[in-house]
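Before I ask anything, here is the structure I am working with.
Every chain is named by a letter (A, B, C, D and E) in the order it is written, and numbering of its residues begins at 1.
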Amino acid sequence: MSESSSSVSSKSGLPPGTLVHVGEVLEGETRITVVDYARDGIREHGAASVDEIIRYRDTDSVTWVNVEGLVNVKMIETIGEQFDIHPLVLEDILNTHQRPKFEEYDNYLFLVFKVMYPARDGVSVYYEQVSILILDDYVFTFKEKQDDIFEPIKVRLRNSKGRFRTMGADYLAYAILDTVVDLYLSLQDYLDKIIESVEDDLLASPDTGTLATIQRIRRELIFIRRSSAPLRELLNGVLRCDSPLISDGTLIYFRDVHDHVLRVTDAFETYRDMTTSLMDIYNSTISNRMNEVMKVLTVFASIFIPLTFLTGIYGMNFEYMPELGWKWSYPVMWAVFVLISWVLLVYFKRKKWL
Amino acid sequence: MSESSSSVSSKSGLPPGTLVHVGEVLEGETRITVVDYARDGIREHGAASVDEIIRYRDTDSVTWVNVEGLVNVKMIETIGEQFDIHPLVLEDILNTHQRPKFEEYDNYLFLVFKVMYPARDGVSVYYEQVSILILDDYVFTFKEKQDDIFEPIKVRLRNSKGRFRTMGADYLAYAILDTVVDLYLSLQDYLDKIIESVEDDLLASPDTGTLATIQRIRRELIFIRRSSAPLRELLNGVLRCDSPLISDGTLIYFRDVHDHVLRVTDAFETYRDMTTSLMDIYNSTISNRMNEVMKVLTVFASIFIPLTFLTGIYGMNFEYMPELGWKWSYPVMWAVFVLISWVLLVYFKRKKWL
Amino acid sequence: MSESSSSVSSKSGLPPGTLVHVGEVLEGETRITVVDYARDGIREHGAASVDEIIRYRDTDSVTWVNVEGLVNVKMIETIGEQFDIHPLVLEDILNTHQRPKFEEYDNYLFLVFKVMYPARDGVSVYYEQVSILILDDYVFTFKEKQDDIFEPIKVRLRNSKGRFRTMGADYLAYAILDTVVDLYLSLQDYLDKIIESVEDDLLASPDTGTLATIQRIRRELIFIRRSSAPLRELLNGVLRCDSPLISDGTLIYFRDVHDHVLRVTDAFETYRDMTTSLMDIYNSTISNRMNEVMKVLTVFASIFIPLTFLTGIYGMNFEYMPELGWKWSYPVMWAVFVLISWVLLVYFKRKKWL
Amino acid sequence: MSESSSSVSSKSGLPPGTLVHVGEVLEGETRITVVDYARDGIREHGAASVDEIIRYRDTDSVTWVNVEGLVNVKMIETIGEQFDIHPLVLEDILNTHQRPKFEEYDNYLFLVFKVMYPARDGVSVYYEQVSILILDDYVFTFKEKQDDIFEPIKVRLRNSKGRFRTMGADYLAYAILDTVVDLYLSLQDYLDKIIESVEDDLLASPDTGTLATIQRIRRELIFIRRSSAPLRELLNGVLRCDSPLISDGTLIYFRDVHDHVLRVTDAFETYRDMTTSLMDIYNSTISNRMNEVMKVLTVFASIFIPLTFLTGIYGMNFEYMPELGWKWSYPVMWAVFVLISWVLLVYFKRKKWL
Amino acid sequence: MSESSSSVSSKSGLPPGTLVHVGEVLEGETRITVVDYARDGIREHGAASVDEIIRYRDTDSVTWVNVEGLVNVKMIETIGEQFDIHPLVLEDILNTHQRPKFEEYDNYLFLVFKVMYPARDGVSVYYEQVSILILDDYVFTFKEKQDDIFEPIKVRLRNSKGRFRTMGADYLAYAILDTVVDLYLSLQDYLDKIIESVEDDLLASPDTGTLATIQRIRRELIFIRRSSAPLRELLNGVLRCDSPLISDGTLIYFRDVHDHVLRVTDAFETYRDMTTSLMDIYNSTISNRMNEVMKVLTVFASIFIPLTFLTGIYGMNFEYMPELGWKWSYPVMWAVFVLISWVLLVYFKRKKWL
């Protein structure tokens, strides 16, 4: 499912700050879940109103608000007002055609990027935009639809493995980013597998289906590169920013994510070379096959056309053709046929056409 | 309609500062409309002379002067004199082959760029050069022709939606730029649709029309990229300039436009890859078809040429051909014909040529 | 006429500072014209000796010395000595294979670049190297041959249009550069026209002449890009230099030329994409034609070869062929011929080969 | 054996700092060897527990701990704890899909990169990840498997050739890097040889095997470039870092390695051009061959098809065909056959098809 | 003779600072010539031992030591010791696979680069590595073999043309670099000529030899670019270095060389485009030829196959074929043959196949 299939300009002409969900609606309703945790405990529940989110404001715990589905614009607007988020940021959250970026504000950090992972059916790639707001003790995540990509983080929070629950909101943001980049790595595995299978096909028996598959990979790669490349910039921004919202101790973790992003985007870049190379093989294979076909035609035609000419000669009805009356004419003709065929076959053999 | 169709050098040899309209004349007359607004009111009217523009000079209101059509050089020159605009700037406004750029002067800012949007007929792209002068309380826009691309802004001003009428001239400039970039997004949608339809054509039945369409897209893309790429630089210039004409509060809006421009130019860049890829498929498809044609020829020729040779043999008029007198010769020949055909058909089937 | 046709290394092995004219001799003699002007008057005359140039040294007027043809090395050496020009600069002036560049010296500025414009015959491009020395009240221009490309500047000086005669030597240098860049623009027009005509040819009936034309354009473009691209750098150098020889008031004019250069080099860059694209169409068209040829062959051969086989059968001379004696055999055969042809025609129609 | 063949994402979803070996297991056990040396002596032994490593802590000697095989995670974790290594660094050591990088910590430097060298069988390339930890008097190397690539270093240490044993841990790290880059050079030799042999094949008799070889080289090159390019950055990092762990005297050696890396990566870059060029020749050769085949077919068919038509004419059974009764008809026909063949052969000769 | 033909890794595994000549041995012995000059005199002689070099140490004259052939490692080592050259520098001098580079040391400057010039036979390119050591009053040049490329410098020194003998060691180094870059220019001329001749071949009658030539040019260009591109960097290094070993007066000469290098590397870059373009023409020409062949085949086959079918009909032996007895059948058949041929010829003419 290509990202470009829905219109990118449907909000054109509206004033800035008008909150409208722009993009394909992937989810019919907006579901909000709240995870509030501290060293000594964790609370998880859904939230139907903003009040259920605000009440953790004066606690020391870290509160993670996960908003899935973007149709409930009113709710998101209220969150924006309550937490003093700039209208343009809210607009960016609702418009799911954002270029990945990082923005630093006085009281919060804003990250928006794409989640990409291979679909379970193994033939398509899922794209989803995720926005993160990092506040002092709050982390908001806005997703286009309900799914379980953040489940591992919740499990870790519940089990309190590692020092997770003792870390701040910045570490939670890191954990989310890390999870997203891990999905990129699974996408890389998926692409490796597809490209390898196409290569096998090309060596065995390429057909127009192979061509279609190569073309599909190329299209996906264009979107994947477009979605992943700005992530380097985004993480550079995070690493360079000196906001108090990201502690020095957490920076090293972001640097680790940055390394992973470099690795995966390097890999995505090389896939472009690989698909070009696949296309080259496809074309060479087609040419090779054409050559095969032509050789068969040429061998058949070049052998039998001269022979047929010979039979034509003795099929002529001239009265004075001495050979016609000779006794050994017919067997000699057969000998001539065999001889010519044999000479030509040897000739074609030498040319390696057989 | 390609931008390059009119001569770019028609002003060659004239001294700098000589005001002449250079470029295809898209509009036969120059129409000036004035929109003067403040928090508590808005006035719209046409302007036949410069006096009707100057009279708002001493008010606090923001005055937007929209000049459509560039043939009335005298009028534009008078505006330039009245508002102390450098002659080279006026020259740039009148020459519609400008590279998008941003220039900072003491008392005004100058922006020039291209508006691009798909024509209503769905087969061509409209190009128009728009120049903006941002003065203290004035915004001048110079367009090549009369159209309604700025209508949404006027509607918003009239309805006073948002804080629009309370903002200064810089916000108006932002609103204009934002509208222009929204048109770019609609162009992106249009290109997405065309490329998708070409892809469908390629899989179904590509013909020389498809080739012509791909070529048309490539040409348009060259101009679109050339017109849009410098816009990044332009907006970088706006964001970096510290002119008092752009307030800090408005800068964040320009940053938002900058993000949109990055997104849309990223997309335009990827279209180049896509069209290359379309061309590749076109060529592969042509090769595949050639293969198909060759296979049919080869199968027909390889089966019937040997058979015809056989009939030729027994069409010879030798006196001593014992087979001719045998009773079962004819049916046996038919059996041989069928056998040879069958063997060859199996052979071609194995080669997957059938 | 390609720039590369004359040897670039003919001075190899001579010591630096040895003044020798390196490059194709485009002009057999050296003609020097002097234009001396001030607000209140202008004097134009030829100069046979350096004395006629030096005598304006102590006046306030601006003196433009235009040297056309580089064979009189002695004369140029004398000018160099009189005006204290570095020997390496004189060497660069005489070697017409320079890369465009800007050099700042204490008492003068040195610019060297290529003039390029389409020849009047409309099939070739003229290249000429022009060097400019900007001194306090002098401007020297060194050209490879006599032509009238600077005539418009002289006309403007004579008519004292604009503020020209009140400006200094730097403005004259600007006017010369501007004139040169205008020639680039006319070259751009010329290329636009040629490429458009090739495109039309390609859609109508491409032949090997079209291929040769595309190749010629590609070669020219390589030289055009190589000659024009460093001009951006050159003008950047001029804009950044803080020599007192260029006044602040003139800088804005150089910035204008810089914008034009950016525009024209942008255009030259895109022509590379265009010619690649032309080549692609050419190749696809050739493939399409091959397909056409193959289809005609296949249709003819596939219809008549089976029919000929049938006639061959009843051309056999077996004694026992019951059909030969039947009354309706012959008309039935015709019916069979028509039927087979019709079936195959429908088949080829379905395959869209007809 | 392509690096990409094992899954890169198998650790996805685990918390950071969880030590798991990610990557194909190249070695079933973890072998640790310790080389402790000083000017006056050297001791080498295996190490089964961390204690055998720690005991050199208070000596002045340099201790090189070489860990081969990464399955014993517990051991590596213990080393990490004992020497105060950050968990993320240990994680990077254990994940063998790292992008080459250099990281500077307070008490140690961390380098990770790929070792690449041609396999002894001459048809594949071995990849192995090597991590280096440089501490004050310790150097840890972590390798994926047991092999003898570091043997030359050990030999030099034993023989105390050069000043080796008098230098610090930084010099040992340099020696290791230098050895690795030497392996890159042998890889370059190997690629040179393969590409040369493919070129010879292409000129002699290219077949689909040649195509497969080119494709294999291209794939390997993608991985080789991806693994080697970041090494430039890595060494730049080392050269710029001002850690006391690298003495000024050793820096010049690292600069030397940097030069070698530049050279070898330059070479790897040019191989891309070379393989493209190989592919081009392959395709042109295929086209040339097709041309050969077509010419043979055309010559045969064009000569014999008209002749066969002529025999067909006199094979017709019309009653009134005067030629049939003429005495010289048959010899004249033969003359006609020879004449037509001769004319056509001359024609094809002129066209250079024979 | 491609640079890559000898092994680049033959020194792998040796400790740094071990002096071994790495690279193809181009000269069997090491010849040392000394040129010692000052304003008032010049002395030239060979040198068999280092003593003959050292004795000029305390004079004010400039001493140029030219070492040709690198097999006498001992001698070079002694020079290194006497003049306090770092072992790694000596190693670089002896390894003839260096990437061009410039290194600044306290008491000397080190430059290493490639000399490239067309061989006298006009079909190959000579590569040679030259290293320069610039000391206070000494210049050492190390060359791979004996040749006369530095002869012009010696001639100039002898004739004391220009100010040569009054300048220091830095000016001598400049003169050497300038001579080398002049050789690059002659290489450029040579490439221009070859490419032009290939272009002519392509328009006249390309064959597989042309393909081989294009491929040879491409390979050479890869090595030429790899050897020349780093020279820009090298000269940038020289221009930026503030070593007292290069006087301000000489810097302007190095800037001149830098300009030449920029020009020549620009040219080398464009040759890549040119060879791609040659390859394109080659392929298009092959396709065009194939088209020609196919047209001839199709015209012959399409005309004669239907006619042969007609003769086949009246060659059938049916008893009841009324036409066989008609008097005018035979002449009518000839009319039909001519008519069909004529119609098809007109048809093919219209299609421009004839």
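Some observations on this one:
The definition used in the following text is that a residue touches a chain if its C-beta (ideal position, glycine included) is under 8 Å from a C-beta of that chain, and two chains touch if they have at least 3 such contacts.
What you see is a predicted model; the values in this text were computed from it and never measured.
Of all chains in the assembly, those touching subunit B and also subunit D are A.
Centroids of subunit A and subunit C (each the mean of its C-alpha atoms) stand 42 Å apart.
Chain centres here are Cα means. That of subunit C falls 26 Å from that of subunit E.
Touching of two or more other chains is recorded for residues 283, 287, 290, 294, 297, 301, 305, 308, 312, 315-317, 321 of subunit E.
From subunit B, proceeding by way of subunit C and on round the ring, the chains are encountered as B, C, E, D, A. Against subunit A, the residues of subunit B that register as touching in their complex are 152, 156, 161-162, 164, 174-175, 178-179, 182-183, 185-186, 188-189, 192, 199, 203, 252-253, 256, 259, 262-263, 266-267, 270, 273-274, 277, 280-281, 283-285, 287-288, 290-291, 294-295, 297-298, 301-302, 305-306, 308-309, 312-313, 315-321, 351-353. Listing the residues of subunit A that touch subunit B in their complex gives 4, 7-9, 11-13, 15-18, 86, 88, 91-92, 97-99, 101, 205, 208, 211-212, 215, 218-219, 222-223, 225-226, 272, 279, 282-283, 286-287, 289-290, 292-294, 296-297, 300-301, 304-305, 307-308, 310-312, 314-317, 321, 323-330, 333.
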